[in-house]
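Input: structures, listed below.
Next come two complexes built around chain A: one with chain B, the other with chain C.
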Partner chain A sequence: MLHQLGKIFSDFSLFFFLVIIVVAGQLSNPLFLSPATIYTIIRGTACLGFLALGEVLVIISRGIDLSVGQIACLSSVIVVYFMIMFQSPLIAIVLTLLMGLGFGVLSGTLVNIGIPPFLATLGTMWIAQGLAEYLGVKPTPVPSHFSSFNIISFETPPVTAIILILISVISLEILATKVPIGRYIYYVGGNEYGTYISGVDVKLIKYIIYSFSGFSASIGGILLTSWTTSGYKWVALGQEFTAIAASVIGGASLAGGEGRVFKTIIAMVLLITISSLYTFLGLPPTLFFLTEGFLILGAALFQIKFRRG
Partner chain B sequence: MLKESLMDIIRKYTMLVAFILFLIIYFFVSGWKAASLTNILSIVLRTCVVTILGIGQSLVIIGGGIDLSIGAQIDHAIGLMTILYPFKDLLGGFTGIVVITLIITTTFGFINGLIIYKTKLPPFIVTFAMMLILESLATLYSYYGVMGIWGFKPWLISLFSFLPSPTVSVPILFTFLILLAASIIARRTIYGYSIYAIGSSYKAATASGVPIGKVTLITYSLSGFMGGLAWFMYSLQVGYIFAYTAGTIYLLDSIAVPVIGGIDIMGGTGYVPMLFIGALFVSTISNFIILMKINPLLEYAVKGIIIIVALIFSRLLKK
Partner chain C sequence: MIVAQNISKSFFGVYALKNFSLELKDGQVCCLLGENGSGKSTFVKVLSGIFPDYKGEIYINGKLVRLSSPKVARDYGIAAVHQTLDLVPQASIMENIFLGSERKKHKIFIDRQEVKRITKELLSYFNLELDPEKPVAELTTWQKVIVAMAKAISKGCHTLLIDEATTPLSIVEKRLLLSLIRELKEKNYSILFVTHYPEEVFEIGDEVVVLRDGEKVMHAKVSETDLQMIVKAIAGKKADRKYYRQKVEVGKELLILKNVSINHIIKDINLEIREGEIVYIVGLPDSGKEQLARAIFGLIPIRSGEMYLNGYKYNPKNTNDAVKHGVGFVPGDREAEGIFPIRPILENSYISRINSLTTRNLYINLNKNITEFASMARIIKLVYKSPSEEVRFLSGGNKQKVVLMRSLLTKCKLIVCEQPTAGIDVGSKVEIYSIFNEFTENGGAVLAVTGEAGDATSIADRILIMKEGKIFKEFVGPTDPEQVIRNLIGLG
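Here is the complex of A and B:
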């Protein structure tokens, strides 16, 4: 009975955390739960969530993707670059997504020929970083006649952001838990050789995961551009670590085979809520990393305790 | 017979072959300008910090773990220095500050080891949390600490005055001494055998009575100590103390360097001195970018492409 209760609690522990944080914020400052704060949290989740979505799938398959942050930075630079070049936001977005996909395919190819994921994605990360720094020397604003591109920023209830993130999370969650190809991701992470022996095309699965990770990172980069209204090479600097943190707090294990998509997103909401609470309380932002560190340790300890029962 | 054993060596040290090929191409393309003694010395000098970090990191990696906090140790030590500096005379000058900093970095490494051993949490998570905590503390210190401490470098050089030619070779000699010591420890002591045993099979090591707790604590403490020493070398190169975040850059390098050198990231195998080849490789690429007058903004892109090509090449060689 107690064990079952613990299990339920551990499944919903992130919700409890979130509620505690929100209540604490509300008590410390009644203005905390204003629409403006909530919209900011939603926008942040929509932008950084896409980085975490790719990352969690890679982590489930027992890999790691260091390139998501820099792919998002490069996407931000390049989408504005293409927008000015082709005078069309649509072409720019399509080309940028293709670019992200290309980086993902490159990572997937390298992993499939036997290079450790850490090194393979470090290589793609460096290439993306170098290109971003080369192409985006200065932050470039989105041209004013394409201001409809900044939809994440100007829409006051951020409907587009909500729709995008909800559709992605729900479809990915169904894909990962119900559809065979999604289940294979867990199998690859749990026992790669066993999966290979039982006739699953492991290489194809890895191609799909890494390509998706690059693709979704570039979506994140485009959304960040739409939010900040400019292409900036450091817009997602170091955010690969936030994505990894969200995956781990959401229950993914770096030993592979574990993790849930929707929990990762809730962990992302949690992280962004804490960071906006700190901004609200006027605490130095550096304290946020301190909390994040303890939160990761706590979440991991918590899961271990209840998994052992 | 001779040909076969040569092929064996090439297969074993594929990255070394890739590096030598790159070096020959580089020397040739630069018209042997890159082969001058000053240039080679400057390449080696740039490897010092990363090599020392890589030593701590490779001991951890061989033992089947990973230490993500090792780069943040540098930042934390820098922050600590800015706090401790006003009490310089009280603590016994720079010597006292350095000793205290080394003790504190070692302590944080020890805490890593303690948590990992006691809770059996994955090292990635524990050290990741420690990285965030250390980075946060470092920034917090620099709110209150003094910015920019001069006079540190002459003191450091005078500390090394027993070594010949104190201007250029001090860090290199120091690094080589530590690399030598680490290589001997890894291959010739019981502690060294124990890390290889734990890295290749945790269960087998437990069953055969390897003192896992002790070895884990020593490994992570050493890693923290190496983080402190790397701060020391970093200060020696930069010349003054300034609150600046170098940690995340050095973190990725500190992992990449041993892995490029052929130490398996999954643990259990690898030869510690080979990490120096990895460090040389990365440093040579940076040197290549400067000497060939490639736009410095493209540094990372060139680095990434060359490393990827070398990795593919070494994969093909292995087959």
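Here is the complex of A and C:
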């Protein structure tokens, strides 16, 4: 009985929390749920969501990717850098995405050599950070003649942001639940050796997971640039932990084999809503960290309590 | 048809399988028997592509192949049925069955309806009414075995390697599994059936092969052999048997177990070990012998009953408590649980009382007890270059001595030992026996648990046979291993 209640609760707990936060926000200040706030939450979710999308897949496979935040930072710096160099946003975006993919391939290679994911991605994280700090000493605004690049920032309502994140979440959710390659991520996390002796190319799966994570993080970086209208080396500083937090609050287990893409995004919405609420109410940022800490510990305790089997 | 020729595989310099040859014919069941550590599982793993570094040749339908990965083995139609090894606990039955060979629709998506339908069919073929979407973690052992079988068959494999699948099953389930295998045989599957129980050979087998210490000691048609011959082959030649136990004065009671229960299977265990005794508990996998040993060392809690040590009530809260009470432990999986591979030998042997290595109770000084270490190493005939050598470079036998030394150096009274001689060479085995002799001469006692009858009959004062959580037979003094094996497999 308790078990079933727990399961139902765990499936809907995030919506439940989200509703509580929104209602509480609305009660404390009726101006909270304005279009402006909602658009901010959407934009934030779209940008940071792409960091979490890669992260959650890595975590399901029983790994961790610490590099997503710094890959996003580096992407922000070089997308503007290339835009100025080649005078073409398209070329800049393509090159930036390739860079993100390259970092992901590097992480995947290191992990497949046998370096623990924590260390491998700590290494790639610092390499990305080093390059970002070197190339982007000062924030560089997106050139005014390419102002259409800043679509995330100026578009109201933010249709592009919504479309991008929705399509990505839906297609990844389908991939992870209905397509063999997506299911393999769960199997690798649940029993890597068993998956291997079932005849699956486990290394290939890991390559794909980490490459995607790097690629997805660079999309996040580009979107953040479009939102903040400048290339900035600290635009996603520390956001790898937000991505990890969203994955875990969304039900992913660091022990592998569990987690859902769509729940991760809902958890991201939750985190960003709380953050906007605190900003809106003029509460100090420290309070947000406290809340985040309790949320992630609560989610972890919850997993231990109601883990099935 | 599969022909394996001169297959060898070694671990850390010790052969697990040596020049082993075997043929698997279509529509036949070949039974592979032997004691724990005789190389049965190693051969299964070679055939399923898990040990790609084997020596020797494997021909499939006359063609020389290299089984370099599980995928390659599967592509050649070979599938192993491990009990739970290759199942993903969080995934559903149908996902597990189709793991690695997903059915797709529109060439992209997993065809859930189709997969569910086939899984239902497979399960009902095996007389199992289960929801295909149920996670494997929620299944019973029998159901997991069936899922593993269904998985092998669904992949279109014609050669099934069934590795000790009957051991954890109940009698009824065993019957079911054997009749299933008969059906598969009639459908022209080729089956390698690995088991501990020779009587199963006569129910399903066409040929029987017995392994001993990695070498083939018997190969016969089932129709031309009998139980007696198989048991003899498993136990080994009479000439090779020796009783190494020296006469030791037995003292007062050291450990007493009164009605100890650990779970619903292992219950009401009564046991008494005296100073100077070597007692072996022999049982097949899943007999509960390891849990019993681990409970005595405080690794798992006991549910009810009482233990006494030296006449005082003994209920170890944890392993540290057990060591403080003078109990030592030698785990069965030496590589995973016994040694710290990249730490020095000396440090490895002092882990149970690392405080004795410290200067002013603070800094570890690896030179502090070097004399004590050297004299102990001399007594146990440890072969090593220097105390600071990393343990991973030692042979299996010397690693085992280091693990034993860890207990000896705590000056413990009782050593609880799992598989004391598993995976070590014959010379080291004899040396381990002399360590036991010497240890008990000084008033200590050894409680060993093992699956190898030959190990117990070489050194034990008393042999207890354990089965399904109960001790049901005791042998005192020199014992014929054949007798022990007969009791183990229920022919006693």
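As a convention for this text, the second predicted complex is superposed on the first by the 297 of 309 C-alpha atoms of A that agree within 3 Å, B and C clash if a C-alpha of one lies under 4 Å from a C-alpha of the other, contacts with A are read in each partner's own complex, and residues count from 1 in each chain.
The rule is short, and it goes like this: a contact is a pair of C-beta atoms (placed from the backbone, for glycine too) under 8 Å apart; a residue touches a chain by one contact, two chains touch by 3 or more.
Predicted model, so just to flag it, every value in this text is computed and none were measured.
Enquirer: Once chain A from each complex is brought into register, does chain C clash with chain B or fit beside it?
Expert: clash
Enquirer: Between chain B (first) and chain C (second), which does A:Ser198 come into contact with in this model arrangement: first, second, both, or neither?
Expert: The answer is second: A:Ser198 touches chain C but not chain B.
Enquirer: Could you say whether A:Glu292 touches chain B, chain C, both of them, or neither, answering first, second, both or neither?
Expert: Once the two structures are laid over each other on A, A:Glu292 reaches chain B alone.
Enquirer: Among the partners chain B and chain C, which is in contact with a greater number of residues of chain A?
Expert: B
Enquirer: With both complexes overlaid on chain A, does A:Lys178 touch chain B (first), chain C (second), both or neither?
Expert: Touch status of A:Lys178: second partner only.
Enquirer: Using the superposition on chain A described above, determine whether A:Phe16 touches chain B (first), chain C (second), both, or neither.
Expert: Neither partner.
Enquirer: Which partner chains sit in contact with A:Gly257 here, chain B, chain C, both or neither? Use first/second/both/neither.
Expert: Once the two structures are laid over each other on A, A:Gly257 reaches chain C alone.
Enquirer: Where does A:Phe154 make contact in the superposed view: on chain B (first), on chain C (second), on both, or on neither?
Expert: In the superposed model, A:Phe154 contacts neither chain B nor chain C.
Enquirer: When the two structures are overlaid on chain A, which partner does A:Tyr186 contact: first (chain B), second (chain C), both, or neither?
Expert: second
Enquirer: For A:Phe86, decide between first (touching chain B), second (touching chain C), both and neither.
Expert: Neither: A:Phe86 stays clear of chain B and chain C.
Enquirer: Going by the contact rule at the top, pick out the chain C residues touching chain A in the complex.
Expert: Residues of chain C touching chain A: 48-50, 69-71, 73-75, 80, 82, 85-91, 95, 99-102, 104, 108-110, 112, 135, 137-138, 151, 155.
Enquirer: Okay, in this complex, where on chain B does chain A touch?
Expert: Where chain B meets chain A, its residues are 115, 119-122, 124-126, 128-133, 135-137, 139-140, 143, 248, 252, 255-256, 259-260, 265-266, 295, 297-305, 307-308, 311-312, 315.
Enquirer: Show which residues of chain A lie in contact with chain B when the two form their complex.
Expert: 66, 110, 113-116, 118-120, 122-131, 133-134, 137, 238, 241, 244-245, 248, 253-255, 284, 286-290, 292-294, 296-297, 300-301, 304
Enquirer: Can you tell me which positions in chain A touch chain C when the two form their complex?
Expert: Those residues of chain A that touch chain C are 174, 178-180, 183, 186-187, 190-191, 193-201, 257-258, 308-309.
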